[in-house]
Amino acid sequence: MSAIIFENVYRYFIRDGRSFPALDGIDLTVADKEVVALVGPSGCGKTTCLRLAAGFELPTKGRVTVGGQQVIGPGPDRAVVFQQFALFPWKSVEENIAFGLRNQGAAASTRQERISAIIKLMGLEGYETAYPHQLSGGMQQRVAIARAYVLDPEALLMDEPFGALDAQTRIVMQEELVRIARVNPRTVLFITHAVDEAVYLADRVAVMTRRPGRIKEILDVRSVRKAERWNDHERIEDVMDLESFVHLRTHIWRSLREEKMEAAP
Amino acid sequence: MTHVKPSSARLRLRFTRRFLLGTASVLTLLTAWVVLTMVTGTISTSRFPSPLQFWQSAKQIVTVGYADATLVGHALHSTRLVVIGFAVAVGIGVPLGLLMGWSRRAEALINPAFLVIRPIPPLAWIPLAILWLGLGDAAKIMVIFFAAFVPAVINTFTGVRAIEPPMIEAARMLGTGRWRLLIEILLPAAAPMIFTGLRLSLQASWTTLVAAELVGALAGLGRVLNMAQQDIYPAMVMVGMAAVGGLGWATTRLLAEVERRAMPWLPG
Amino acid sequence: MASPSQRPPSKLEVFVLGFIGLAGFVGLWLAASTSGYVPRQFLPTPFDVLARAIHLLTSPFAGATLPVHLARSLERYACGVALAAAIGVPLGLAMGWYRWLDDIVTPVFDGLRFIAPIAWVPFAALWFGTGIGGPIMIIFSGAFPPCLISAYRGARFVDSKYIEAAQMLGTSNLRTVAEVLLPASFPSIVAGLRVGAGLGWQSLVGAELIVASAGVGYMMVQGQSNISTPTVMAGMLAIGLVGLLIDVALRQMEARVRRRRGLA
């Protein structure tokens, strides 16, 4: 079972001899194949949470486990999709996607199969030999997602994956992600500033307090989605018009605003 | 001069004007050269050669030779030394720069020794090189090494340090082993800066070689310059300088071609 | 961006490693020169070199003491660099502003650029003998390109909003160059001066090895012909130190200029 579990996680930073708390006791579980969105005011530590799960940083106290294993460093079992894509500009689309597979020592024929499959899934046909700089932002992010997906990871960690895209491309990508998740469900933890996005994509939305961050509340979106039959609507704008959607979104906004108000000088 | 973006027609006009003015200025200088040295004698040819003398000396050195070899012979000799010194310096300098850029501990350990060597101008190694290795090729290669070594290390180092963290994090996330990380991630990412370092190293190599050969050598373009100066033969000095300039230009173009091909992923 | 697999080293660790590195370097040198593999004459110990340097501070060699040689060197250096800046910066600014000037000068400059400054030495010798003109000419040819290019770039790529503001205010061409372009390109110019000063210093050394009768380079050449390796190395030490000081001083100045502009 590939669950992401934060157990009583604390994270302090030391600067100039003083310690700054970033995370103040995070307890969160992302169940197997569940999609959880993490939202919160700027600086609340949501990126830190993601980095802890990814293994780029270690908690000061408490622990993070993925699939039952404690996280002690980065690896392809916890694939990351970065906000700024982080594609290798000197490798073609195909080479970028293949890279992680090569590190795993997959045989060439297996690799080719999997790469072709993911390229088809992500709508990248025809772009295999292109270089990143030749692609639009949306296409680059597709490659980044493909690169992560092709690894068949336990968990998918996304750091504001659509933050660097323009508003329209963003919406297209959100729909794409929903489509892919139906075909290939995974355990996903993602961070976003856009509450719309969180409610549209996630099974549950976790709202964090301002710094030092704790989990303020968790909203169950999945049951609402099921009850109100959001999936009957193909288009994003139709879903976002629904009263149940607006209700959830407004609730989260208000919750965030409370946090921001207290933080404001 | 306005800074409004010009239309393409205007650009073409600019381009032709640029070309014409440029050619005009070069032609004017050449004409002045001819007139002042050969017609009016305003510039004494014992101090500055006339185009005719330049041509005659060029012919001489190409066919009969000067200072014990023809131009080609000297040029080959000099180029050989530059290539050897450059190759050794880069072969040691770039890996060292990579190591120091990647590991702060390695940097801390190696830096002191490097900081002692670094401020010494390459040409200042010449007397020491002559003391140790005489006037032959080995001394020249030693000096070229020190000249080319420093820029190679520094630029490689800077190139590695400038790599954005997400790139490295992505590589680690993808489970990249150490060697693969070096060859497929670090090197390509730092490549543009490394090539800048190589360009500087090449420049420094030529400068140092010519200087070293000027001080004392048995062959090479610097020797041509040296002998011509002692023989009070300014026309040959000019030929030597032209040869040095030409070789410098040629090797730089070659490096630029290598650079272009080595990094096909760069736009434009 | 350190090797992210480990935590970055602490200040103490850096200091200790640095100390070990330096000690290792000196130790190796000492070992090599006392081992007997190389005659002491050719590889003096670090202490020999230091002793010699101190000796030269007061006793003359090749015509003067070390400080006097340094003074001679610095004289020519200052002249050469000042000349390079005085001609290069205004010319570069003007070329950045007046395209026609750029079109005229650039082909000539590009043609001469590839000739290493040192290659001018024979002409310098022919024209100036061992007088002060020779080294100054060579230092000039080393320091000039960076001064010119940095002023040119500063002017060409100045933010157009300053030019537009100046035009709107009816500024004459000359005033625009002097009171808008120059201040706007100041950071670029200062950076170029630093590079030019560095190249000038290197060219100085080369010049003094060949066409001088005084100066640190000359002292080193004499040391070499007298097979006095400690003198040669002491010279290298002095040159390196002074060069370093000049660079540090100019970097400070550059940092101050940038701070004043809010650039750093």
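For clarity, chains are labelled A, B and C in written order, and residue numbers in each chain start from 1.
Here is the rule we use: a contact is a pair of C-beta atoms (placed from the backbone, for glycine too) under 8 Å apart; a residue touches a chain by one contact, two chains touch by 3 or more.
Computed from a predicted structure; not experimentally measured.
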Chains in simultaneous contact with subunit A and subunit C: B
Highest-count interface - the chain pair sharing the most C-beta contacts: B-C
Mean-CA-position distance for subunit C and subunit A (Å): 52
Centre distance in Å when subunit A and subunit B are each reduced to the mean of their C-alpha atoms: 49
Centre-of-Cα separation between subunit C and subunit B, whole angstrom: 17
Numbers and ranges of subunit B residues touching at least 2 other chains: 164, 169, 172
Of all residues in subunit A, the ones touching two or more other chains: 56, 73
Multi-chain contact residues (two or more partners), subunit C: 4-5
List of subunit B residues in touch with subunit A within their complex: 164, 166-167, 169-177, 180, 184-185, 188-189, 191, 263-267
Interface residues, subunit C side, partner subunit B - complex: 1-5, 8-9, 13-15, 17-22, 24-25, 42, 97-100, 103-108, 111-112, 114-123, 125-127, 160, 163-164, 167, 201-202, 205-206, 209-210, 217, 220-221, 223-224, 227, 229, 232-233, 235-236, 239-241, 243-244, 247
Contact set on subunit A toward subunit B in their complex: 54, 56, 73-76, 78-80, 82, 84, 86-91, 99-100, 102-104, 131-134, 147, 151
Subunit B - residues contacting subunit C, complex: 1-3, 14, 17-18, 21-26, 29, 47, 102-105, 108-113, 116, 119-128, 130-132, 160-161, 163-165, 168-169, 172, 203, 206-207, 210-211, 214-215, 225-226, 228-229, 232, 234, 237, 240-241, 244-246, 248-249, 252
